[in-house]
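Two complexes are shown next, each including chain A; its partner changes from chain B in the first to chain C in the second.
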Partner chain A sequence: MTQQQASYGFWRAAGKRLWADKLARFCMAVLVVYFLVAGAAGMGWVAKDWNEEVGVSYANPSFLGDDYPNPQGKNSIISQDVLVIDEKQKAVDPLAPYYEEIEKNAAAYEKAEVKPSWTLLLGGDKWGRDVLDKVIKAGQVSISIGLASALLAVFIGTVLGALGGYFGGKLGDLLEWFYNIFTSVPYILLVLAFAAVFGKGVSTVILVLGFVGWTGTYRLIRAEYIKQRGRDYVMAANAIGASHGRKMFVHILPNVSHLILVQLSQLVVDFIKAEVILSFLGLGVPTDSVSWGIMINEVMPELVLGKWWQLATVAVVMSTFVVSFGLFTDLLRDALDPKASRR
Partner chain B sequence: MTTENLLEIKNLRVTFRLGKNERFEALQGVNYVIPKNSVVALVGESGSGKSVSAMAIMDLLPRANTEIPADSGMVFEGTDLLKQTEKQRRDLCGKHISMIFQDPMTSLNPVYRVGDQIVEVLRLHKPLSKNEAKKRAVELLREVGIPDPETRINSYPHEMSGGQQQRVMIAMAIACEPKLLIADEPTTALDVTIQKQIIELLMKLKQSHGMSVLFITHDLELVREIADHVVVMHRGVIKEQGPAESVFTAPKDPYTRALLACRPTIDKRPIRLPIVEDFLQGREHELPQGERSRGVSPADPIILQVNNLKKTFRVKQGLFSHKEVAAVKDVSFKLARGKTLGIVGESGSGKTTLGKTILRLNSCEGGEVIYNNKNLMGLSDREFQPYKRQLQIIFQNPYASLNPRFTVGDILLEPMRVHGIHDTDKDRADHAIQLLRRVGLDEKAFHKYPHEFSGGQRQRISIARCLSMKPEILVCDESVSALDVSVQAQVLNLLQELQDEYGMSYLFISHDLSVVKYISDEVLVMHHGEMVEYANSDELYREPKHAYTQKLLAAIPGR
Partner chain C sequence: MSTYLLRRIWQMIPTLAGVMLLVFFLFNVFGGDPAAILAGKVASKEKIDAIREQLGLNAPIWVQLWIFVKQVFTFDFGASWSTNEAVSAIILQKAPVSLTVMLQVWLLDAIVAVTLAVAVAYKRGSFTDRAVMGICTAAMSISLLLYVVVGQWLLAYKLEWFPVLGWSDDFWTNVSTYAPLPILLLLFVSIAPSLRLYRSFVVEETGQDYARTARAKGASEHRVMFVHVLRNAAVPIVTNLALALPGLFVGSFLIEMVFSIPGLGKEIVNAVQRSDFPVIKAITVYLAMFAMAVNLLVDVLYKRLDPRVELK
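Moving on to the complex of A and B:
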């Protein structure tokens, strides 16, 4: 260890270790793309018109072409006879004198008719919405739900875990008791109860997942605080007269922060998957919005008709994200705790 | 002693690959021999490579990142170990070469009975039936001095004391009648009285089994009486080797002389302890002569008075009841201003608890601590807060007592912020840099993190943190025990200089009687929570009155 070497702390060293790993760099690149696209969708720059009917119902993906059998597709067009209204018919038509007026009035509302496309890049859904736009918008919703609810859960878990672990005693017992009660209720039941109370909406999903998912973080952080509070450096802080709050959050918290970070990224993945289940059960995101869970939910009747592209799209997009994030979490943990990762 | 050699280490080089381009040469061409039926002591400080060479013999180095070049040799009874296959090495280790480690608590598997662990070793290397092996295990336990071995064979490791656990480790090591026993710091984790017993046991076994012992230690004095041959190592090279008498009486290498000189001894008390640099840079003859006189006279002003201090721990017993265990019973003493009170005792004697209780880092169950005419034990937390800066503590383990996520600057500024010393952070930073210089660190240290410093440097940072509050009383809780001999001398010198400069009073808690003798004016001996003797240090070491003190003093190595 040379003295000339630039002094760097724990986080920079961990960052260096993470960056040295090729797989970690690849995962980070994938995640950055996802977050950028989600951010752009959130700002309304892309996928703004995801809810518009831009194609025919179940429009074929472009690569299949418009010849692929589709009841609403181009290959289903049947030529129709054009009815020509001649003088003879006008004579018996009571509306005939008004035709001109009607056409004039209609001209005031003239709108170029947008022909729904026969094909869309990744196909269309039942209402002719573009699956690509949809999956981008859904990604934005799902990722923000995952992030927000993970932040909430980690916040609750960390604060309660810190209090319970640091003080112990009566307060610790009380929190343990609360935790035990909480975990004894089946997860889905708890989610149903929360969802029933809060009503339906994106913010409800965030609250439900956050309030239900803090227990793992609580247990981990509490155990870590119990371990750390007896350490010499905390004793030293006590000896110089640091207050409880200072010891808890200035001294100990930075020493457990790497665990919190790993928990956070793990929960993001867990909650994105949980949102899928909730939406699949009809308890998640309302139907006027869209998420990866909603898309998967819509797939069931489509598959019967042989319309597989929405499922394929959402499955590929979502599992790429989940796998990248999961790998990233593992590598992050290894980078933050180099001793544990030696295989 | 026969002239035949059991093991010859020839030009042994060991290199560790640390990273892609980083290498560390732990052993740089080491040569020594272990003759049959002899004791070879391998002495050096941490990082000297003494353990690495033992691990190389036992083939315990991680194969993945260890490189031993082909010209190195380890010849055991005529065969070169380095040319053998992994399986041959494994058969040899345990059977002909065995090893005991520093910490018996972590070397024994806690979930198996000790008997089963010995039986396992026996049956791995010898064709014995279960019952025969068990009988042999009982014999072995008897041989290593475990009382009542027939029942103790069914004990779990945690049911035994540290000394007994080490005896079990020794029993396992000698189970297959090895020709070479490697003892890697076998007594470092043990109390002095136990240390003496273990060393006596090892010597007895060496005689009765006719084996050779490679004794690895950082403490030269420890091997003065037992070693036939001494090898002194420093940073991967051998500085000096030779027969024990010549190394101890006429050391040739300055490093050996430094190691012998910088450890405080019980019979001398130099004004300043010599440090390794004095010897390596040839300033050996410029060392200040004369001795420091110590002692407290009744006329000295008293700064801290402790009366009948009690501390008990509540231990759960069964489902509902509690048992009170007294850690400190009725301890009283007076600490004079600018003087040092040494508190000695073995592990479990309550000396550390005493120090922490005085600083109110523990609760207290009776007695009083008078400082400035106030009983500190009777104050509320809020009332005690201003006193905290007057009473400070330096902990044993410099690796644990500094917050790893704080820079040294943060560590030094925090106490000043908490106690409102100076008005601005700039003044505080200036003060902190002064303190860093005072304790002998570069001001660049300010922006570094603790992990960038060595143990001795970290202990200096701890001292600077305490100094930032200008305390009147400093509790040194085994503050130099975890440090290497040469670093220990430097830190002790620093503590002494600071006491002379600031007039601080020290409570110096240690298990090391030589260090306590060197630094203390008065000494208090603790045993099982009670104070058994309390006197001026010269008097106590000259004529110890209590039987326990006598036993402790008799156990000091090299006496």
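Moving on to the complex of A and C:
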């Protein structure tokens, strides 16, 4: 009971430290908005129709108005030729006698034709998709990949680090060997090698980033377990006959959990950045889905045509998220682990 | 010293063996059937069997592993699956291209970041210091991708200061025409984290007793900074620079793809897209070897720069 209270006290104190910082509160507010929107997109409440053609190709953003030059827009100088079938053509057209029948049959399947709009709130892309919807859906994909892969990496790193640090000896040597192998190949090269083998797809990206990115957490947690395993409270747990597993995960783990949280937060940012680059190179999220990296991949030909709104949207949305998350991680580290040096 | 070197090299063997095992199992066990990849979409049974026989895939796994080990030590990974060029020839041809860009980035980054770090460390705690650090934090948060895409569009396409992309066979044309923009963009990205790191190294040293002693005996602030402090801060800085070396060979995947620079980075990305396993395997193993050699070099350098370090 007393232990629980002490633990509660630590988190509460850290929470207070974090809350006292105005910047931290601001970052948290931004992040909450992002996570709510991403959650809503995940549930299908918003941006469900991101893949629908709702506007003309490269529809102008509303604030530019529909008279901003656009070959497909309202002010277009190109007009569609309407093919008129006159008597002369009907004479040579073998289908001519059936036209009425065809039209009657077609009427049964008639759909209300949605007229693509000239302008969209933040503009449209090449296929007339709404950039706002796209960036929300892309955010949901990118953020969930970042979170899931960070959870996986932190899980692997924590378990291996706990085993290596707590037991040491032969097992520790084996895990150190593992660590040396994974760190001797440059990080991004290892990611690409894994991506080459496992192919494309959202779940693959999560697995690849998770399997490659656990080394930092492992190092940290291992060092922490080596430090903690000789402490009095572990001896006390030993004296009352706690099993190894219980000592490792019930007694020691809560005492290093703040470090795990900071690691998790750091890795989410890193992995979102990595996912963006992988998707941009065409090795991450498949192109029938959308992520921030895929959106940036699409903008290069758009820029040449002078269509800057998709880039501007994705740049602002992504950078705001990454900057807020990065700052939040720094502040979280300060609040939870005041002794750690900041670089 | 030589016993130390021998022991370190001896200790590298298990790690190297581990890397080779990892690569082998990754590609040969999880990597799907290479014969199916090689034979293409419409493949007859006979064709696949013939390819399997040729690659030695019908042999037991330990024979295949032995083939792989022999490949590593004879520098003969056979031919690329997609272009049929010898893998060693590809590496020898592409690595210098990556280095043409990356060595300059590495040098310029070191010069600029160390100079700025010292300059900022003079004024530590001041408004300039905090402003520079703030800019660094912001610059670090923006994805490399955005720098590259926006930089290429703005500086090359809009302002026409540089060619949009390209590469030639002539070294000087490359250095003078095609390399500057990629180098500039990479510097934007790499200087911020280096500067933050080096500043922390320098500031840490300025607080040490020896710096105070130097000031007390009347040494000028410049002398303290450049003769006393920088000498000591050089140890972690040099380490950091040396550890960046293996990465130079792959260059930046992104920059090589966007600017069509035919270096190792582009080669790897293409190899991944085409499932060209021999190329990826070879580059991964050799880079790991190189990284291990660099780590050893760093430890020896440590001893050189800081005689207090005991090598054991």
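Please note the rule applied: the second predicted complex is superposed on the first by the 304 of 343 C-alpha atoms of A that agree within 3 Å, B and C clash if a C-alpha of one lies under 4 Å from a C-alpha of the other, contacts with A are read in each partner's own complex, and residues count from 1 in each chain.
The rule is simple: contacts are C-beta pairs under 8 Å (C-beta built on N, C-alpha and C of every residue); 3 or more make two chains touch, one makes a residue touch a chain.
Keep in mind that what you see is a predicted model, and the values were worked out from it rather than measured.
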Overlay on chain A: chain C relative to chain B, clash or fit: fit
Touching partner for A:Glu100 - first (chain B), second (chain C), both, neither: neither
Which of chain B and chain C A:Leu283 touches, first, second, both or neither: second
First, second, both or neither for A:Arg231, with chain B first and chain C second: first
Chain B versus chain C as contact partner of A:Val299, first or second or both or neither: second
Touching partner for A:Ala239 - first (chain B), second (chain C), both, neither: first
Partner chain(s) touched by A:Phe198 [first = chain B, second = chain C, both, neither]: second
Chain B versus chain C as contact partner of A:Val185, first or second or both or neither: second
Contacts of A:Asn255 with chain B and chain C, given as first, second, both or neither: first
Geometry of the superposed three-chain model: angle at chain A (Cα centres of chain B and chain C, steps of 10 degrees): 70
Partner touching more residues of chain A, whether chain B or chain C: C
Chain B versus chain C - smallest C-alpha distance in the overlay, whole Å: 5
Residues on chain B engaged by chain A in the complex (per definition of touch): 356, 359, 361, 385, 388-389, 391-393, 395-397, 400-407, 414-415, 418-419, 442, 444, 447-449, 452, 462, 465, 469
Contacting residues of chain C [partner chain A, same complex]: 14-15, 18-19, 22-23, 26-27, 30-32, 137-138, 140-146, 149-150, 152-153, 157, 196-197, 200, 246-247, 250, 253-254, 257-258, 268-269, 271-273, 275, 277, 280, 283-284, 287-288, 291-292, 295
In the complex with chain C, residue positions of chain A that touch it: 177-178, 180-182, 184-186, 188-190, 192-198, 273, 276-277, 280-283, 293, 296, 299-300, 303-304, 311, 315, 318-319, 322-323, 326-327, 341, 343
Touching residues on chain A, where the partner in the complex is chain B: 1, 3, 7-10, 231-233, 235-242, 246, 251, 254-255, 257
